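So, here's a batch of structures to check.
The two complexes that follow have chain A in common; it is paired with chain B in the first and with chain C in the second.
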Partner chain A sequence: MSKMKFIVTLIVLTLGIAINASSVMAAKDSLNLGMVLEPPHLDPTAGAAAAIDEVVYANIFEGLTRIDKNGVVKPGLASSWTVSEDQKTYTFNLRKGVSFHDGASFDADDVVFSLNRARAKDSVNAQKALFKPIQSVTAEDPHTVVVTLSQPTGSFLFNMGWGDAVIVDKASAEKNKSNPIGTGPFKFSKWVRGDRIVMVRNDAYWGTPAKLKTATIKIIPDPAAAVSAMMAGDIDAFANFPAPESLAQFKSDPRFKVVIGTTEGETILSTNNQSGPFKKLKVRQAIAHALDRKAIIDGAMFGYGTPIGTHFAPHHPAYIDLIATHPYNLAKAKQLLAEAGYPDGFKATIKLPPPSYARRGGEIVASQLRKIGIDLEIIPVEWAQWLDQVFKKRDYDLTIVSHTEPMDIGIYARKDYYFAYDSPKFQALMKKLDATVDTKARYKILGDAQRLISADCVNGFMFQLAKHGVWNKNIRGLWENSPVQANDLTQVYWIN
Partner chain B sequence: MFRTLVEILRHGLKNRSFIIGGSISLLFFLVAFLSYFWTPYPVEDINIADKLLLPSAEYLLGTDHFGRDILSMLIKGAGNSVIVAFVAIGIGIGCGVPLGLTAAAKKGWMDELIMRFNDFTFAFPSLISAIMITAILGPGSINSIIAIGIFNIPVFARVARGAALSIWKREFILAARSAGKGRFKISVEHILPNISSMLIVQTTIQFALGILAEAGLSYLGLGTQPPMPSWGKMLNEAQTFMNFAPQLAIYPGLAIALTVMGLNLFGDGLRDVLDPKLRRSR
Partner chain C sequence: MRIFLAKRVFTLILTLLVATLVVFVVLEILPGDPASVMLGINAETETLNALREELGLNRPVWVRYTHWVADLITGNLGISYTYDVPVSELILSRLTVSFPLALLAMTLSTLIAIPLGILAASNHNKPMDFLVMSFSQIGIAIPNFWFAMLLTLLFSVTLRLLPAGGFAGWDAGIGPVLKSFLLPTIALALPQAAILARVTRSALLEVLQEDFIRTARAKGITNQGALWKHALRNALIPVVTIMGLQFSFLLAGTIIIENVFYLPGIGRLIFQAISQRDLIVVKNLVILLAGAVIVINFMVDLLYAVIDPRLRGGQDV
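== the complex of A and B ==
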C-alpha cells in the first residue's frame, strides 16, 4: 500500500515538474488565449459562426485586403490595387513569393478560384451578399487579377477583407474545415475538440513573421472557470472576458490589464416578425417602450455597454442616436398593447443562447415585459440548437443575440432572414446604398435605414456589446477594439 | 392510527436525532408551505438598482446580482425543492414498491427480471442517469422530477422486496395462504402494512437525496428554469461572484446542507423509533 502511494506521489511530482518546466521555458514566445465558444469547424468560407473567424482570421487565412485593428482597409494578399473611373473594375496586384502552408504557391488562379467558389450558386458561404456585385473575376497574369462589378459598390474593398472572403487553395479547400491551409503567419497544428486549438508560426511567411512561436486557443465555456483559469495563469489573455462582474477584480490585480473596447456587436431582442402577436407593429412598439436599457446593461453587463436605438454601431460616423424614439414608458407600452388588441397581454417564449448577455439579459427582459402583461417562458438553448431552431427554422418568438458582424444593417433587407422582416422600402434603401459610392450620400442612406428599422421596431434594440479584454500586463499587441470578428495574434508579443 | 402516532411521538421525544432532525424538517416544510402563499418580495421582480446589497432591515439577507431579495428566493426555493422531491419520491414509491412486492411474491423468473433490471439502473450513479434523462427530454422542472423519480424506483423496489421476502417466511402468511388468499391479496393486506415502517424511513432519506439531486440538476442548468428560483441555480449564479460577494453562495449552500442534514437525522431517528427490535435493545 505504502509503495503504491510512493509511486503515485512520484508520478504526480514528475508531472508537476514537467508542466512547470515547459511553462517557464515557453513563457516568452507562446500565448494561451481563452475563448468562450468553440468553432464548429475552421473554414471561414463555409460558416456563419463568429468563433471560426476569431481563430483563423489574419492568423491562418488572409484575403486580398485585410481589416486592421482600427477597422481600416489595408493591403493583404493584394499589395496594391487600382479602381477604374466608373468604380466598376478593380485591378489587384498580388504579392509575389507567397505560398500556402502545404507548400503550394499562391497566384492569381487561387484568387479566381476562391472568389468564384464563394459566389457560385452551390456556395455554402455564409455571407454570399458580399460577392453579389461581382460580375467576373479574371487572371490577367499570375500576379494580377481583375474583378469586374455589375454596379459600383462603395464597400467592396472592405468586403474583400472579411473572413468569408479569404483566399484558399483549390487542392486543400475542401479539407479546410478540419485542417485549414492558408497563407497566414500561423500554421494550424492541432485541434483537441472541446479543449484547445494550437497554431505554430509559419516560418515561410511572406511578410513580417509573427513574434509568437506558438499560439494556443483554449476553449473555456464556463465563466466561473474562466475567472479561475485567468487567476491561475493557465490563460494569458481573454480577448472578450465572459464574466463582466469579475472585471473590477482583475482591474485591482496588478498582474492584469483590463481594456474596455468597442465591438460591432449589436445586442438585440430579436423578434420573429411573422409570429403571432409580434406581426403587429403596435405590439413591437409596446415592447420597445417596455425595455429599460439601462437596467439591462447594468444587470447583464455590469454597466459595460452602450445603449442603442437601432441596429448600428455607436462608434461609426453614420450612427444616429434613436434611443429617444422609443423611451422607457410603461404606460405608453400598456396603451399600445391594448390598442393592438391585447389589453391583458399574452404568452410567448424567449429562447436564450448560452452567453451571459443572453441568459441574464433574457431574465431581465422577461421581468420587464411581465410588467406590461407579456408573459415570457424562458427556454435556454445551446448554440447548436439556437442555430437550428431559431436561425434556420425560425421556430421562435423572441431571442437575444449579439450581431457581431461589422456594418450588417443589410441583413434587414433579407426577407428570409430569421427576423422575417419583409419591407420593400428597406430593401430599396439597401439597393440604393449598394449603388452609392460617395461617403456622404452613403451615410445619409444609412441614416434613413436606421430610422426605418427603428420606426418599424423590427427588433428590441438594446445595447452595443463592449469588448472586455483581460490580459497579462506583459502582453502587447492584442486588439483593444474588435472592428471585425478576429483575434489577430500576428503582432502579439511578451515584453519580458 | 392516532394511537400509533402518539406512540411514535412518545418514543421519538426521547431520541435526540429525532428531535433535532424533526424540528429542522418541520421548519423546512413550514417555510416551503409558506412560499406558496407569501414571500417578503415577489421573486420574479428584478430590480437592478438594488443589486448586490448587503443584509439590511429592508432586505434581511441582502439582494442578488439582479436585485432580488435573497430571503424570498430561499423561501421560494424551499417550496420548489419540496414539490420536486415530493412528486419524484411519489413516482419512486408508486412504481418501486409494487415492483418489489411482485418480485417477492412471484419469485422465479419474474423476480430475476425485476431485480436484474434494478441492478442495471443502479449501475449508473443516480445523478448521471438524471443528467442523461434531462439531456434526452430537455431541461425543465417537470423533466427533472421524472429523472429523480426514475432513479428512485429501484431504491424502493429493492427495499420493498427485501423486507417482503422476510415477511413471506412468517407463519401468519402461511396461515393466510392456507386460508386460500392469493399472492396479490396477501401482498396488499399483510405484507404492505408490515413493511410500511421501513418504507417510511427510506422515504425520509430519499427525500433528502431528492432535494440534493434537484439542487444538482438545477446547478447544471437542467432542472428548474428561471424565473423560478432554486437553491441549485442560486449556487450556480453565485459562482462568478464568489470573490467579492460570497454571501450569494453561502446562503443557498447552507440551506441545502441544513435541510439535507435535518431530513437525514429525522430519518435516523424515525428508524430507531419505528423498529421495535432496535428500541428494545436500547
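== the complex of A and C ==
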C-alpha cells in the first residue's frame, strides 16, 4: 500500500511541476487556429474557395489596398493614391523596400503583371468581374502605377482589396498553389495535406511585424472533434466555430471567450423566379409573409443570426431595415396565395446543400410554408450536385444558400443568374451605382436597390449568418467580424 | 504448392480486373461535373470546356477506361483535380497515417484477443469464461466512434494527457506520432479484439471436442498441453480469416475514427474526394483499396497453407 501511495505522490508531483513550468513560461508566440474546410490549394487568384482566403489573405499575400476588420479600405502595398477628376485614372504610389518571401523585390512591374494576369483572356481568376473596368495598367516608374478604367467604378479601391486581387511575383506565380510566395508578414512554411498548414513570421516584412512567431491552421471537419480539440487545448481558437449548438458549453468555461460577430453571408431562400407558381409576385409575397425568421434563426442556428429583409449586410452603413415590409402574417400570406390563383396551395421542391444552415433551415422553412398550403418536397444535394442542377441548369424551385461575398447585391442585375430575376429597373440602378463615386450618393442608390428586390420578393430573405468565434481568453487581436473572407492574424498576440 | 499458388494468383488478377471495371462504371454514373466543381459558380462555358479537354473528360468511354488501366499498370496515377499534386503522392502521404494505424490496431487487438480467447476456452463455463465473454459482448455492442469520444473526453479533455486528435507528422519524431496514434489505436482495436476473442474461443472449443484431442488426452497429455500443442494451431484458420477481414476494414473503413480524431488518413481522403468530385483520386484510391483487400485475402490464403499443410497440395479440405 505504501508503495502505491508513493507512486501516486510521484505522479501528482510530476504533473504539478509540469503545470507550474508551463505557467511561468513567457507569453506564447504561436497560435493553433482551427478551420473546418481545407483549402484545395493556396492561390487566391485562381480559385473560388473561401478557405483559400481564410488562410492566405493579409497573412501571406497582400494587395494594393487592404480591407481592415471594420470593412474599411486601407493602404496596402500602395501607400497612397490619387484619383483623377473624371474618376477614371488611379495613380498608386507603391511602398519602397518591399520584397517577396523568396527575396525578389516588389515593384511596379509586379503590379502590372498581377492585374494583367487577372484580367487576361486565359485568366482562371474566380472573380474576373472585379477587373473588368480596367482598361490599362502601366508602370510610370518602379514605384508608381497608373490604372486607367473604362468607366468610373466607385468600388474599385474596395475591389483591389479582395483576396483575388493580391499582388504576386511573375517568377513564382505559377507555383503559388502549393508554395505561395507573397509579401505579407507571414511566410508559408509547410502543408501537411488533410491536417495542417504552417506559417512562420516574415522577419523581413516591410511594415509592423507580426507578433506571432508561428501560426498553424489545423483542419478539423467534424464539429464534435472541434469541441474536444478546443476543450483539450489542442486548438487555441476557432475564428468561426462550426457548431452553434456547442457555444453554450464554451460560454460557461472560463478558459474561453465566445465572440459573436457578423459576416457578409446573406442566408436566403433562393427562388427560381421563372419556375411555375414562383413566376407570380403574389406567390413570392405570400412566401415572404409566411417565413417566421425568428423561428428559423432559433431552430436552425440556435439563436445566432440577424434577421434581414433584403440582400444586404446589416452592419453596413448603407443597410436599410426592410423586415417590416413583409411581416410574419399567415392570414395575409394565404390571402395572397388565393389571389394568385392557388387557394389550396401547390406542390414544389426545395433542394438543400450540405451546410447545417441549409439542411436544418430547410426543414423549418418547409414546415412554415406547409401552413399556407405550399407542400415542399425536401431534396438534399451535395455541393457538386447543387452547382450542377441548381446553379448551372436552374433545375429547382427553391433552395437555401448563404451568399458570402461582400457587397454582392450586384448579382441581382445578372439576368442569367440562378434566381432568374430580370428587372431592367434594377439593372439600371446598378449601372448608375458603378458610375457614382460619391459615398452618400452611392448609399442612396444602394438603398433603392435594397428596396426594389425586397418589394419584388426576389428571394425569401431570412438572416445574416453570424460568425461564432471561440478562442482562448488570453488571445487578443483576432477579428470579431468578417467583412472579407479572411483570418487576419497579423495583429494577434497572447497576453501573459 | 505450385498449383495452389498459380490458382490463387490467377484469381487475384481476374478479381482486380473486374474491380477496375466496376469502379469505372460506378464513377461514370455518378452525377456532377468535376470541371464545374473546380471552377466554381462564376465559370464560363468556354473555360469549362477547356478544362474538360485538359482533364481528358471529352474522350470516348472505352478510351478513357483502357488509358486508365494502362496508367495503373505503369504506376501513373495522374494529378489530383482539386489539390493539383500527383495522386500517388497524395495517397502515399495518407498511407503513412492509415497503414501504421491499422497495423498498430491489429497488433493490439491480436495481443488482447488471442490470450483472452484461450483463457476463456480453457476455463470453459467457469467464471473467467463468463467474464471474458461479457467483456467481448460489451466490446461488440459499443460503437467505436462513441468509444473514441469517451476516450478523448477522459484522456484529452479531463486529464489533458494526450492530444484530442490530429497527426503530428513523421518528421516530428516517433514519440509525438505514437502519442497521436494512441487513442485511435485503442478505439479501433478494442471492438475488433472483442470479436476476435469470441472467434478464438469458439474455434478452440470446437477443436477441443475433436477425436484427436480425446486421443491425445487418453495418451496422458494434460488438458492445457492438448490445448497449446494440438488445438491452438488447428483453431487458427477461422481466426486468421477474421484477422484478414479486420485488417482490410481497418485500412479503408476507419473514416469515422479519422473524423473523430481528425487524422489525415485514407478514409477522409476518399470521402473528401467524392464530395469534391475529384474523380481521379476516387477511382485510383478505390482500386488501390480493392487491390489491398484482394492481396490481403491472397495472403490469408497463403497463411492457410502454412497453418494447414494439407492445403499445399492444392486440394480443398
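Everything below uses one rule, namely that the second predicted complex is superposed on the first by the 440 of 496 C-alpha atoms of A that agree within 3 Å, B and C clash if a C-alpha of one lies under 4 Å from a C-alpha of the other, contacts with A are read in each partner's own complex, and residues count from 1 in each chain.
Note that a residue touches a chain if its C-beta (ideal position, glycine included) is under 8 Å from a C-beta of that chain, and two chains touch if they have at least 3 such contacts.
As the structure is a computational prediction, the values presented were derived from the model and not from experiment.
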Simultaneous placement of chain C and chain B on chain A, clash or fit: fit
Contacts of A:Ala224 with chain B and chain C, given as first, second, both or neither: both
Touched partner set for A:Val147, first chain B, second chain C, both or neither: neither
Which of chain B and chain C A:Leu433 touches, first, second, both or neither: neither
Chain B versus chain C as contact partner of A:His41, first or second or both or neither: second
Touched chain A residues, chain B compared with chain C: C
Partner chain in contact with A:Gln249 - chain B first, chain C second, else both or neither: first
First (chain B), second (chain C), both or neither touched by A:Val55: neither
Which superposed partner A:Ser178 touches (first chain B, second chain C, both, neither): second
Contacts of A:Gly299 with chain B and chain C, given as first, second, both or neither: first
Lowest C-alpha to C-alpha distance for chain C against chain B (Å): 5
Set of chain A residues, in rising order, touched by both chain B and chain C: 224
In the complex with chain A, residue positions of chain B that touch it: 44-46, 48-49, 51, 65-67, 139, 221, 225-227, 239-244
Footprint of chain B on chain A - complex, ascending: 223-224, 227, 243, 245-246, 248-249, 294-295, 298-299, 360, 363-364, 366-368, 370, 378-380
Chain A to chain C touching residues, read off their complex: 38, 40-41, 47-49, 124, 126-129, 177-178, 192-196, 218-222, 224-225, 228-229, 231-234, 354, 382-385, 387-388, 391-392
Chain A contact footprint on chain C (complex, rising order): 31-33, 36-43, 47, 82-85, 90, 93-94, 149, 152-153, 156-157, 160, 163-167, 169, 259-265, 268-269, 272, 275-277
